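Each structure below is given as structure tokens.
Look for chain A in each of the two complexes below; its partner is chain B in the first and chain C in the second.
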Partner chain A sequence: MSDIYERLATGILEGEAEKITKLVNRGLKKGLSAKELLDNGLIVGMDEVGVRFKRGDMFVPEVLMSADSMAAGMTILRPILIESGAEMLGKIVMGTVKGDLHDIGKNLVSMMCEGAGFEIVNLGFNVDPETFIEAIKEHQPAIVGMSAMLTTTMRAMGHTIKALEEAGLRDQVKVMVGGAPVDKEFSDAIGSDGYGSNAPSGAELAKQLVSAA
Partner chain B sequence: MRGNYKVNSGTRFRMLSDDQLEELLGGVLHLLEYTGLEVHHEESLEILKKAGAWVDGKRVRIPSYLVRKSLELAPRSFTIFSRDGNSENDIIIGPGRAHFGPGPTCPNFIDIESMDRRPYVKSDVPNVAKMVDALPNIDFCESLGTVDDVHHDLGALYEFAGMFPNTSKPIVAWSYDKDDSAGIHEIAIAEAGGQDAFEKRPNYVHYCEPLSPLISTGEALDKLIFAATNRIPLIFTPCPIAGGTAPVTAAGIITQGAAESWMGLVIAQAIQPGLPFFMGGVFSVMDMSAMILSYGAPELSLMMAGLTDLAHYVGLPLWQTGGCTDSKTFDEQAIIEGSLSVFFSALSGGDMTHDVGYTESAMTGSVFQLCAMDEAIGYSRRITHGIEVTEETLAVKVIDNVGPNGHYLREQHTRDHYKTEYWYPNLCNRRNYEEWEEDGKKTMKDRTVARVHEILATHKPTPIKPETEEVIKKVLAEAEERVKED
Partner chain C sequence: MAKNLTTVVSSKTQTVEINRNNPTVIIGERINPTGRKLMLKALQNGDFDMVRTDALSQVAAGAKILDVNAGVPGADEIALMKQVLSTVMEAVDVPLCIDTADTDALAVALELYEGKALINSVNGEERSLETVLPLAKEHGAALIALCMDDDGIPATADERLAVAGKIIERAGKRGIPIEDIVIDPLALTMGADHTAGFVVMEAIQKIVAEFGVNITMGASNISFGMPERKHINSTFIAMAIHAGMTCPITNPLVAQVGIAVLAADLAMGRDEYGMKWIKAYRARQKEEGK
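What follows is the complex of A and B.
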């Protein structure tokens, strides 16, 4: 049995989505639980990806392949996990704030978070505070992630947080922010719960935010 | 397929035009034929006379046909082999290929632990060789110093004995005299499997120096004859100082210095036709205020680039100079001077660039400078590697596929090429402020020191053959006996 966990972890490290799909199905058939496959296989692989990326031994295109493989595994496991009532990492509502048309960085963070085991609700770009509020009400996420690429639009993140407070939703969710001009100081100033400097650290942050909750 | 499609596959420059190079060549031939050089060596005078030179006492004039014949005999392309058969460490000399390594004979060394300047000692040799062996952009080995704590006649021999087991990259060996050279050669051929095997796959290069202006000394020619007779690839490299021992102008120093190298070329080719031969030097200016030969001056790079052009124009490889500095310590000056001369050497395509790791105008060797320059060489090589233009690299289909507002991080095209299209630094830091802060706000110097210490603690060079170890012991014991007798 340890062999399949090891192969899952290796499959994640090497970014082999098809192999992960096969292995997960085989594991389930053999009677292993979804939670075991996730905890002892997929997450072990993803954790190692994080370590290697931080050390400079893995690069973003490889990390994305690993994230894709993780997502492939989760597609099969998530419904089973939900059904069994297992505790999930939860949802993240993600969007680039109002006035900002930059989409790619936020999508990368979304992929990485998906790879870390979250379910992503991607609102796209130029998202006004009202849309964020409606999405929170509808999806009940653990986290709201906001992105801005421009110094002129980053202030909209503060405005959105304010709107969440006014709608009485701020206490229900953690807020994380990111984007080229954003730093920790700004993140603290607008009352966000955390800031990630790049896509993998965004996913890392998301995990910390839910485990702290 | 396209016909007659012109490709610039790398970035190189040539500084001088054909017309200018023809002028320089004319100047060198004029000096050799009409002014002549002094040759302080009886056997060489005989060899030169027999070859067709005009000998008048010690003054030797060489008719231009003989110089041209010697140039014709020397190869432009050849290979220096690693001692352990690892072809990645072979040095393939030929057009468009620039190689890098340290220089010899600095009296001082930057201590690896204290980073203080002190005399160079025997135990420094293996460390320099290990650094050379481990650094990806350093191609050949010299010791960065003259060993101070052995009998002073045996420094060169102890150097070679210390370097050879600690790197499989080819060594450029200097020596005091032909006895040293013979000892060095005995060690090298033991590893190669005998003289015949060595001649087929030479595993080191012999270095000797004429004296500027226009003198070939007895010791230099003793060594040259030893190398030529044993078919050891040879460097004959003057160190003229513009304004001191050579004309103050770049064209003037190149003309004189080339004549000094080519005297050696004519003798070497007369003894051993086809012997691989590097002309070369350290060509730089005497600083008229500090009275030093500057290793950090822009004129060094300029003169060396002009000399490289002349060497390649006549079909010889060049012993280049770069990666060195006048700075006394590991500071901004050292990095600016070293990096710019490295980049210039890479652009000019000088075949073997030495003195990487020299500080204090060649008075002090530093593996820290060497390690930082490995980074500068990697950086330079990425640029000289150039831009490849093919259907695959144009990526029109990929762009079409991604379209507006997509991204390329998931594309197979990106995965296929991002490792070879980019150069990744070992020392330069590109992390964001927070990560840099978290990591202790380390400077380039901190990272360089850490890398040197890590390499020296962990790197394991391929060992030499047990029988070669025995030969090294024997050669050193015999040399110690020899100096006892004196």
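What follows is the complex of A and C.
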């Protein structure tokens, strides 16, 4: 049985979505649980993707393919996991802040977080504080993730956090931020709960934020 | 095919003519704190030495226009823009490209600038058209127009052509001549979408065929997420010049970029007797011999 876990992890690393779909279905047929396939196979692969990306041994297109394979596996496993009452990591509402049209970085983080087991509500780019607030009310996420790529738009992250406070929602969510001009100092200054410097760190941070909660 | 248009920008003492028959005009991108932690810190501390050094080194490396951006989070952009702009105007004679998303900072910068500036930028969003075009008209400035609008950045070349057309039309209605508009078709990251480069090449060709306008691009972003980015960037820049790009916004201090531009100009028949190429070779040799 260890063989199938290894093949799942390799399939994720090599970004083979079709192979993952087949392997997950085969594993379920053989009586392995959704949780086992996820924890011992898919997540092992995705963790290794994070390590290699940080080390500079994997590149963005490869990470995207790995994330796609992960999503293929999760499409099958998620409904089973939910039905079995397995504890999920929760939702993340993700968006690039108002005035900023950069989509890619935020999508990368979203995919890595999805790979880590979160459910993502992707609000897109140029997202105003009101839209974040509505999404929090509707989806009840554990985390709100904000991205800004310009020195001129990063201020909007602070404004959004203020708006969450005013709406009385700040205490019910963790806030994480990222983007080219953002750093830890800025993240602390605007009262965010954490900062990730790249997509895998964003996913790691998200896991830390929910385990600390 | 539309006729090739000439965009003229100037400083107090220098005039630059951007045209498809002339060698490529490099707009130096370095005076910008975005993604440059050292410059950000310097500007926050009111230290303008780095701005001065970057202005001089970019011009020495062949930049014919310099982009000037003073967007520092939490700072008074109007005051900072004035200081950065004055510093650059004192340090070098080349025309400048005023890069800000803040309309008030733009207005103040245009007031301060001596010559015909290049504005970076207007786009197809209603708010942008309504605020930036009147300022360009008032000051007789040329302007870079980004191919995006209220719906974001269009996925296809035809849609980007349509946004370019819309901005040119709206500018025309305000009395801004088409030759004063430089279109940026927006190079997205090939690391996230491998067709991004192809789409932007197609957009350049279509926009040039339809309007004959000059084309600029930030050409460093295209390789984000990929290994050995400088090889991608230099090849991409040469291909974009063939497609019709005339004034890339890039870092002239990266030797490979400058070399790619010179080789592309030679291949396009814009370097008479290859003298620019040979001169640059001798300069590099001299540098290495030091």
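Simple rule for what comes next: the second predicted complex is superposed on the first by the 213 of 213 C-alpha atoms of A that agree within 3 Å, B and C clash if a C-alpha of one lies under 4 Å from a C-alpha of the other, contacts with A are read in each partner's own complex, and residues count from 1 in each chain.
Note that a residue touches a chain if its C-beta (ideal position, glycine included) is under 8 Å from a C-beta of that chain, and two chains touch if they have at least 3 such contacts.
Note that the structure is a prediction, hence the values are computed from the model and not measured.
Annotation for the three-chain superposition on chain A: chain B and chain C clash. Judged by the touch definition given at the top, the superposed model places A:K184 against chain B, while chain C stays out of reach. In the superposition on chain A, contact is made by A:P61 with both chain B and chain C. Touch criterion met: A:I104 reaches chain B and chain C at once.
In the superposition on chain A, A:T152 contacts chain C only, with no contact to chain B. When the two structures are aligned on the shared chain, A:R26 is found in touch with neither chain B nor chain C. In the superposed model, A:K137 lies in contact with neither chain B nor chain C. Which of chain B and chain C touches more residues of chain A: that partner is C. Once the two complexes are overlaid on the shared chain, A:N198 sits against chain B while remaining clear of chain C. With the shared chain A as the reference for superposition, chain C clashes with chain B in the stretch 399-407, and the other listed options (21-29, 399-407, 453-461 or 471-479) are free of clashes. In the superposition on chain A, the residues of chain A contacting both chain B and chain C are 59-61, 64, 103-104, 107-108, 183. Interface residues of chain C facing chain A in the complex, by the touch rule stated above, are 33-35, 37, 40, 71-74, 77, 100-102, 148, 152-153, 188-189, 191-192, 194, 224-227. Chain B contributes residues 405-407, 409-410, 414-415, 418-419, 432-435 to its touches with chain A in the complex. Put simply, chain A touches chain C in their complex at residues 56, 59-61, 64, 99, 101, 103-104, 107-108, 125-126, 150-155, 180-181, 183, 186. For chain A in complex with chain B, the residues that touch the partner chain are 59-62, 64-65, 68, 103-104, 107-108, 183-184, 197-198.
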